[in-house]
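Right after this note come the structures.
What follows is a pair of complexes built around chain A, which joins chain B in one and chain C in the other.
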Partner chain A sequence: MTAQATRDVSTAFGTASNRRGKYFSFKRFGTPIVIAVALLTLFLWISSLSLDSIELRTLNWAYLQDRTFEHLRLTVVASAIVAAIAIPAGIALSRVHSKAVHAVVFGIANVGQSTPAIGLVILLAIVWKLGFEVALVGLVAYSVLPVLRNTLVGLEQVDSSLTEAARGMGMRPFQVLTRIELPLAIPVIVAGLRTALVFCVGVATVATFINAGGLGDMIVNGLKLQRWPVLITGAVVVSCIALTIDWLAGLAEDLLKPKGI
Partner chain B sequence: MERSCSSAASLLQGDFVSEPISRPAAGARINLTNVTKTYPGQAGPAVESFSMDIAPGELIMFVGPSGCGKTTTMKMINRIIEPTSGSITIDGEDILSLNPNELRRRIGYVIQQIGLFPHMTIAENIAVVPRLLGWDKNKTQTRVEELLSVVGLDPKAYASRYPRQLSGGQQQRVGVARALAADPPVMLMDEPFGATDPITREKLQTEFLRLQEKLSKTIVFVTHDFDEAVRLGDRIAVLSERSQIEQFDTPANILASPANDYVSQFVGHGAALKRLGLIPVHQATLGPNVPVRGAIEVSINDSLRNALDSLVLSGGTPVAVVNGQGRVVGSIDIERISAALGAEIPALTRGGQTEAPLGGGVLAAGGRP
Partner chain C sequence: MKKPVLALLATAVAAAMTLTACGGAATSSTSEQKGNELEGLTGVFGAKDFSEQFILSHITSQVLNAHGAETTTNTSVVGSANVRTAFETGQFAGYWEYTGTSWITYNKQTTPLKDKNEMFEAVKEADAKKGIAWLDPAPLNNTYAFAIREDKAKELNIKSLSDVAKLPASEQTFCMESEFSTRDDGWPGLQKEYGLSPEAKVSMLDTGVIYTATQKGQDCNFGEVFETDGRIAALKLTVMEDDKQFFPIYQGALTIKADVLAKYPAIADVMAKVSPKLTTEVMQQLNAKADVDGDDPDEIAKAWLESEGLI
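Moving on, here comes the complex of A and B:
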C-alpha cells in the first residue's frame, strides 16, 4: 500500500522539490498569462456575437458571478473539509504501523475516488436530498484520497534518524510531530491538497445535476439547448478556475516549504 | 529533573557566561545491572544480562561487530529502547523510574547520521534542548554562540546557516555542540564520526579528545572501529553476540593481553604498533644524547609509534629525542622501544610475536590517565 502510495504521489512530490529556487520560472508567470489570454479571448469573442434571449439569460455578469461563486464555494468548502478529515487521519495512520489498518483505510479512500462522482452524487440525492450539502459529500468523498495519501507519505519520508534525534533530545511525541515531522512533511501535504483542490473544481461541475448550482449549470444548459457560447463560456471559466487554484496552491507550496530544505 | 533545574539555576546566576566551559557539570556514574532486551517475536535476547559500572568522567567505548547489540545497549541508557529487565542507574537514580523525556534532556545524544533538523538553522538546532528546558532567549543565544566556538565554528558565520550549507565534518561538530547544549553530565555517542572521511574523522577525534579533557563527561561511545576505540577510550568493552562483554579494560591492557581469541581477532594484526601509538616517548628510558642526523628527530611528546617511524627512516641508528624547545634530551632505538612495550624483548625481537607480556602496569600508566 505504502509503496503504491509513494509511486502515486511521486509526481506531485517531484514537482514540489523541483520548484526550489525557481521563483521566476515560466510556470510562475506563464500560468497567469495563459489564464488572462484565455479569458480575454473568450470575452472578446462573446462580445462580438449577437446573442439571442436564451443566451442573454446566462451570458451576463450577474449570472456568471453567481455560478462562479457557487462553484468556488463548493470547491473551497469541500477542500477545507477534506483537509480537516484527511490530514488528521493521515497523521493518525502514520502512528499506526499495522498494515491491515492502512489497507482498510486506503481501501475506503480508494472506493471514494474510484466511484464515479456523478454516480455517487446522484445516488446520494435519491436516498437523501438535493442541494449543496449532498454535492459537498460527493466532492469530499472524491478528494480525500490524495490528501490522506500525501499526509502519510509526507510523514513517512521524514528521515527516521531525525525523529530519533528529536526523541533522543527529550521531545515528547507531540513535539516531535509538530516541530519536526509536520514542518518537513508540509510540502508533500500541500501538494496533496493542491491535487484535491483541482479535483474539486472539476468534479463540482456535476453539482448541477442535483440542483447545487455551480458552473456545471452553464455547461449542461449549453449542451441541452445547443447554445455553444454558453457551453464554451462555462467550460473555459471552469478551466481557468482550476488553473488559478493550481497556480495559487503552487505558490503556497513554495511559501510553506521550510527554509533550509 | 532535579539536576537540570539546579544546573539551570546556576546558569542563571551569570557565572556561566563569564567562565563557561571551565565549570561544566561533571560526569555522572552510570551503572547497568543485568540489563536484558528481548524483542517480541525473536528467539534470543538482543542484549543478555549486561552489567557494567562506569565511573564519572570516564569515556567508555563499546566495540563489536554489527548486530552485536552494542547500540541497543547504549540506547537503553536514554531509553530510546526500553530494557526488558535489569536496572540502570545514573548517579544512583533509577532511570526507569524517571519520565523518559526528562531523562533524555539530561543526556547528550549524538548519532552517526548526525540528525540535524534540516528546516532549522544551526543556532536553532543547538537550541533545541535549552528550548525544551524553557531557558530564556538571551541565555540560549549566549550558550549557542559559546558552544559554536567550543567546537571551532565561528558563531557569526554559522549560527544562521542551515545544515545543508555545511560540510559533513562541520555538521558533526554541530551535532556534538547540540548534544552539549544543556551541559548534560552523560553523553551517548553512536558512531558519531563513522560517516566522515578519514582525515576529517581524525581531526574530529583529536578535537573531541581535547574537548573531553576539559569537560570530563561520562561518555558511552559506540564504534565498530577498534582503532578509534584505542585512540579515544579510557576503557574499551569488546562485545560479542547478545552484547556479551568479552573484555573490559584499558586500551593498553586489551592490546597487551587480549582475554580470548575473539578479542585477539578484534585487535587484529599490529597490536604492538597500536600499543606504541598509546605510549609517549618520555615513557621510554632514553639513551645518551646523539646529534640530530638528516633532520630525523622525534619529540618527547610524540608516541613511540612515531619514534619507530623515524627509526625506520634513520636505518636503525638511534634517533635524537628533542623536547618542546627543540633541544636534544636523549635518543631512542629499537631496544628501548621494545623495552617500553614489555619485558620480553627476546621474544619480541625473535618472533615478532606479541605474546602477552605482563607489562600491564607500565602500559596502563602509559595509557590515558
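Moving on, here comes the complex of A and C:
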C-alpha cells in the first residue's frame, strides 16, 4: 500500500458518519464560507481599480464566464473519463494476482503522473492536433494513478472474512463484488476521485498553451504582460474552483458511505 | 562497506553525475582577450524567453568579457515585462530590447513612429529619463508578422495583409500567442486597421507550437511569427507584407543602466563593432541554428563572434 492510499483508508474509516443529525454542522460550512469571502474580496478589489485597456480585455464577466466554463468542462469530463477507466481497471487488477501485471499497470499510471503535464500536452499538440481532446488526454494521463491505486487498495482492505462469509452464503463472485466489496471500498475510491478532481483543476491551467482555453489563459496573460489584477484573478478563481470541487467531493464521500461505517 | 551505505553512496554518485549534466549556461565562455578597457565591469545580462534574445545576451557577455569584463548571462526569465523589471531594479546590468516594445509597452505611447531613426531617438530620450541608456541599434527589425505556408499563399494568391483581409472569413484563421492577442499593438489593433473579419477564428497557443501549427495548416492558415525567426524559411513559410505599416518597428539595441555606461564608456565602443553586423538576415541565420538545428545559444554566439574576428 502506498502512503497516500493508506492515509485515505484511515481517514475514510476514521471519521464518524455524519449521517445522523450532525450532517450540516458548522465545520461543514467552513470551506464554502472561506471561498465566498475570497471571491467577494477579489470582486471588491477589482471593482475599486481603474483598469487599462489590456486588463479590461480579460477582466470582464463574459471573458471570465467563458474561461471558467471551459475550465470546468475540462475538469469534469477528464474526471469522468478517469473514473470510467481507472475504477474498472482497479477492479480487474484486484482479481489478477500476478505481480508482473500489477507492476506494468502501475508503471504506466506512474509515468502518466510523473511526466510533466505541460510537456505531454504540447508534444501531443505537435504530433496530433490542438484543442480540447488533446488537453483531455493530458489530464486523464495525469489523474489516473490516484483513482487506480485507491480502487485497488480499497478492494484489498476489505476484510477477507466478510468475502468468505458472503461466498459461504451462496453469493456469486459478481454479487460479492457489488454488494460487499465495492460498498466497503467506496469511501477510499471516492477519496481517490477527490484527489483526481483537484489534480485536474490544477493541471487544466496548462490547456491554455494548446488553444483549449481555461483559466490558464488569464494566468499566462497576466504574467507575460505584468498585469497583476489579471494574474491574481485567474489564480484566485482557479484555487476557489479547486476548493469548491474538493468540498463537493467530500460531501459526496460522506453521502456515499454505507450506513454503519 | 555495509549494504545500505553502499547503496546510498551509489545513489549519491549517480545523482551528482546527473545534476552536473544539467549545468546551466550561466557563465559565458571566452576566447582570447582583445583588450582590457572593461576590466572591473561585472554584471548579469538578461534575456527574454526566446532564442534570439539568448543569442544576443551571450554575444554581449562574451564580447565584453573579451575586453576584460567579467559578466554572465541569465536566460531564464519569462515574459518581456519581467525582464524589464529585473533590469530596472538593478538585477540585470543590461539586455537587448526593441525600440517598439519600449515605446509602446514601457513608455505607454500609443502611436508608433514610422521612421526607424525617429523611433530610436524618441525611445532613447524617453528612457534616458529613467536612467536607462540605449546603445546604437543593430539593423535587425524583429517585428511581428503573419506567415502562411508557401504553397497555400500561392493558391490563395496573397502577398500582403490587405490581401488577407479580402479573403473569405473561413480562410481567415489565425494562430497567435496570448500575449499578442491582448496587447494594444497586437491582434485587436491589427484586426481594426486591416478590417480583418470579425468572425476570424483565433487560436491561442504557446509561441513554439505556433510554427508547427502554421506549417500543418490544420487549425490556422496564418501564424503570428517574428521577422527574424529562422524557422520561417526552414518550415517553408512565407511572410505577409505589412503594407499599411501597422506593426511598429522593433529595432534591437542593447539597453544598459546609464550609470554603468557612464562608468565604463568603452562598452559603447566595443558594442559599436558588433551591432552593425546584426542584420535581420544574419539574425535569421543565427536563430535558425538554435531553433532548427538545436545548437546551444552560447556556442552559436561564440562561433559567430569568432568568425567575425570579434573574440
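Just so it is clear, the second predicted complex is superposed on the first by the 234 of 261 C-alpha atoms of A that agree within 3 Å, B and C clash if a C-alpha of one lies under 4 Å from a C-alpha of the other, contacts with A are read in each partner's own complex, and residues count from 1 in each chain.
Criterion: contacts are C-beta pairs under 8 Å (C-beta built on N, C-alpha and C of every residue); 3 or more make two chains touch, one makes a residue touch a chain.
Source: prediction; values computed, not measured.
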Overlay on chain A: chain C relative to chain B, clash or fit: fit
Chain B versus chain C as contact partner of A:Ile210, first or second or both or neither: second
Touching partner for A:Ala92 - first (chain B), second (chain C), both, neither: neither
Touched partner set for A:Arg57, first chain B, second chain C, both or neither: second
Chain B versus chain C as contact partner of A:Val104, first or second or both or neither: neither
First, second, both or neither for A:Gln226, with chain B first and chain C second: second
Smallest distance from any CA atom of chain C to any CA atom of chain B, in Å, after fitting: 32
Contact residues of chain A, present in both the chain B and the chain C interface: none
Footprint of chain B on chain A - complex, ascending: 159, 161-162, 164-172, 175, 180, 183-184, 258-261
Interface residues, chain A side, partner chain C - complex: 53-54, 57-58, 122, 125-126, 129-131, 208-211, 217, 220-221, 223-226
Of all residues in chain B, those that touch chain A in their complex: 78, 80, 100-107, 109, 111, 113-121, 128-129, 132, 162-164, 178, 188
Chain A contact footprint on chain C (complex, rising order): 78-82, 85, 175, 178-179, 182-184, 188, 203-206, 208-209, 212-213, 218-219
